[in-house]
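Following this line, the structures themselves.
In what follows, chain A forms one complex with chain B and a second complex with chain C.
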Partner chain A sequence: MATSSLRDKYCIVGVGETEYSRHSGRTTRAMAVEAVRKAILDAGLRAADIDGMMSYQNGDSTPANWVAPDLGIRLNFYMDVLGGGSSTEALIGLAMGAIEAGMCRAVAIFRSMNGYTEFRIGGTGARAAQPVRGLDLAQVPFGMRSAGQNFAMTFMRHMYEYGTTSEQVAHVKVAHSKHASQNPKALLKDRVTVQDVVSSRWIVKPLHLLDCCLETDNATCVIVTSAERARNLRQRPIYVMGVAGRVSKPRTDFHWAHGPISRVAGYYAKDIVFGQAGITPEDVDITGSYDAFTFTTMLQLEEYGFCKKGEGGDYVSSGIIELGGKRPNNTAGGHLCEGYTHGMNMVIENVRQLRGTADDYCPKAADGVHTYDYGPRMCRQVRDPEITMNLGWAMPPTGSALILRR
Partner chain B sequence: MTTRPAPDSRGPGRAYWRSGADGVLRLPRCTACGRLFWYPRTHCPHCGSDAIDWVATGGRGRIYTFTVVRQSPEPFFAARVPYVVAMVELAEGPRVMANVVDCDVESVRIGMPVSVLFEDLGEDIYVPLFRPAVGGAG
Partner chain C sequence: MPQPAQYRGMALVIPDNDSEWIEYFQHARQHRLVMRACPACGLMRYPPSPACPWCMGLEWTWREVSGRGTIHSYEVVAHAIQPGFKDATPYVVVLVDLDEQRAVPTPDESLRIIGNLVRPDGSMESEREVAIGRRVRVMFQDVVDHLALPQFTLTDEPPVGRVWRLPE
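Now for the complex of A and B:
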């Protein structure tokens, strides 16, 4: 398979985020400004070096052209798109395209949301008062609305077809809670057990409370520019080897009505992104498989070929995905434990891992000095990772992916 | 005070949501390629033709997948948890979304035979629901 002509030509050069909390007390505009500013400083750029800005949202955030002026940035390109979990990787690809087209030179991509105090993804709060539109009107007569409800029927069918158990999949939460215990930023730093997960209350079968991610207030940012420019900046350049954005199943509405529903978008995305990068799953050192729910992590790892189809339950319960294992997943704790960001924190974490500067409890973490002791409140840096992969996921039928290298 | 949220009965779904007026569940069928499909669309998702008519089904099928909802932001459903949402694979082929009612939620299984009934919401809208079938999937 031919590799991408853009492989290794673009880099992520800066990352930034606000606190992950459930009490921001601030506007999404103020949080976005903080995250973008931190990413600019992290990159060693000046505000005037940023001339492109993108964001994604669901009517719950502040657009780029309001955030840029607060930082003194004049834009040559901006775009705010509708969407959630599959947007991060897709926008990185679009930013590369905008720079390649000569539209701008450096793009800051942000996501800012008061996901707990203002607009809860679970369907309560401001979201519950929103008018229902479009095809959702064909689901509401049956009480089918929240993200968890929309995903649940896919998970149930996977359990039926492959014998996947709640206990196997609970290991995703166990692993991510272990990782979060090494992360000073994480919203939940306590390690949990399989028993804790399966004995937590039911939300929507087969999801218990601890199978679901944390609604969170936060803003996050990554900065994309050319590899040529990246070489003269403050951080070690992290190269984009491959990217796939919002690759979809044959039906994106009522996908449950078509084909085997235990097959998810990664099945269609994997050839694009691995083909561009010219690598296989075996070459990947760290994964960032989207954990809106424990099951989404499992299903994507399986679909992208990190194990055989149907063996995701065995894979996630084998120890492979934990720090110290062969290929840890979401080493900062992900959406289940660090905080819910619609995908951004998983890309930010992989960038830091590839730099060797995971911001854990090691005293000299910022200088890349780590103990590699994965006990609680210690280290979360993986030893010498070369390639990471992000597997992003929105609603069940659409997904995105990103392969990075140092 | 709370009533079941109504579907959008404008557009190609209109015939689906009013089908239950005579107790019969109908599906769109493409007259070009002969295939039935769901959800109702203006064009056949298999071949792209816009020649669509509606045919009666037997209203029977099996549960392809389902979930039991224990928490809902909708007042109507919050008062009725736990409830079952399922994709029912009809004997004629297509899968449709509906609640499974008139049974213990813990007894619902994938593969279980079910048959249709309707809830009259007024304004010519009849929401299809399913319950465990007597005598198999038909």
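Now for the complex of A and C:
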């Protein structure tokens, strides 16, 4: 597929996040303000330099136009969209479009959520009590409401069609826990084994507890501006080579109608994003494949062509996705171990990796000095990565992708 | 119709202006499983929707289907998040390929529907019985006077294709 491209014309120039915790004790507004402020300072910008702001949420956050004035930011453009996973990459593309259209010059994109203490992703509490209407009537009355319940039949069918095993996908959690053990920010820093994963209690078969990510309180932010502007800022510019936003299968309402149901949206997104970037999966040094569940990482890696369709189980259990392997995935620990952010922390991590400043336990990490010793409480910087890719997931039929370079 | 219907602690809301669902559930209350069918191209679709996804036709009729099908995939919920399902765990949710319109209009498309795997008396079926490839038929669980939910129960018909379930 031939697509037009803004390759290398836009950059991510600043990143910021709050603590990842289960006890924020404050509003999503206060957390968003902290994350946006950190990203502005990281970029070496001032409040007056930011004139665009975007956020994504599910009625669980504070809108952009409440956050900007707290920091003295006057906006020429703002927009809050409905959505969770796959929004980060999509909004980076939209921010580029807004700047390209002349609507604004620099856009801060944030996600702020008390994902543990207020609105739990799993659908418990207030979410479980919501009335069931419209399309929800096709699933929810049958006890199918949470993300895990919504995705599990996709995972089960993949096991049926390709022989994928619980032990294979457990390696995703194993790898991400290894990476999180080198991340001072991570909510879970303990390394786990395949046996730990497959012996943890069932949530919804084929998902064990440790196949599922962590509900977390946090806010995260990235700042997008033109490459021209980026060259004079504090950080090394990280260029956007390609972006695909919320690419979908033929049916997103009741996606089960269109098979194979073990196919996910990356099948359609890969040609767009690789076409823009002009690269192939072999050129990618680090992946950030969304790990709402172990299976989502695996499904996307195979759909984007990092291995053949159906061989995702082999791929994720081969060591390739671990630090020290050929193409590590979610080097900060991802949603399974660092914290659940609806995708933003995986983009932030890739930006830091490309800068060479992964904030690990190396004393001079901020200056780009690393030991490359991947033992616990040590280093998590990949040696000289040039290209990273994020594979964002909303649900089996919808996903986004982002290719970055240094 | 009286609103809402209460089922397992959930409020099921199907207002009189719900042009997609209201007649579907009225048929279900008569223990008929119906699909919207497009008069222009003849294809059925589920869930009920205001237009035909294959020809954009806005017209539709209700067409009864046999309710027989094959388990395409499934899941077993061990940890319920809806309070009304806590006492039902572990319960099985099945994705059923209905016999009608299989692999039509393209090899990738089929009429599929989701329900619980239940016993003929309506109680939740044991997870030990579920498998991809096993045959099922629809049965109706009366919720209130005006509403029934289509559910699925196993039959002793020979399975379709390979029979598979998650290894213990």
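Here are a few things to note about the model shown:
The definition used in the following text is that the second predicted complex is superposed on the first by the 396 of 406 C-alpha atoms of A that agree within 3 Å, B and C clash if a C-alpha of one lies under 4 Å from a C-alpha of the other, contacts with A are read in each partner's own complex, and residues count from 1 in each chain.
The criterion applied here is as follows: a contact is a pair of C-beta atoms (placed from the backbone, for glycine too) under 8 Å apart; a residue touches a chain by one contact, two chains touch by 3 or more.
No experiment lies behind these values; they were computed from the predicted model shown.
Bringing the complexes onto one copy of chain A puts chain B in a clash with chain C.
By the touch criterion stated above, A:P260 is placed in contact with chain C alone, chain B being left untouched. Once the two complexes are laid over each other on the shared chain, residue contacts for A:G84 go to neither chain B nor chain C.
Of the two partner chains placed by superposition, A:G288 touches none, neither chain B nor chain C.
When the two complexes are overlaid on their common chain A, residue A:Q149 makes contact with chain B and with chain C alike. When both complexes are aligned on chain A by C-alpha atoms, chain A residues 122-124, 128, 132, 134-135, 137-146, 149, 152-154, 156-157, 160, 201-206, 251, 253-254, 256-258, 261 touch chain B in the first and chain C in the second. On the side of chain B, the complex with chain A involves touching residues 4-8, 13, 37-39, 45, 64-74, 76-77, 80, 82-83, 85-87, 94-99, 110, 121, 127.
Touching chain C in their complex are the following residues of chain A: 122-124, 128-129, 131-135, 137-146, 149, 152-154, 156-157, 159-160, 165, 201-206, 250-251, 253-254, 256-261. Against chain A, in their complex, chain C makes its touches with residues 4, 7-15, 18, 20-21, 45-47, 49, 53, 72-83, 85, 88, 90-91, 93, 95, 108-116, 127, 132, 149, 151, 162, 164, 166-167. Every residue of chain A that touches chain B in the complex is listed here, in rising order: 122-124, 127-128, 132, 134-135, 137-146, 149, 152-154, 156-157, 160, 201-206, 251, 253-254, 256-258, 261.
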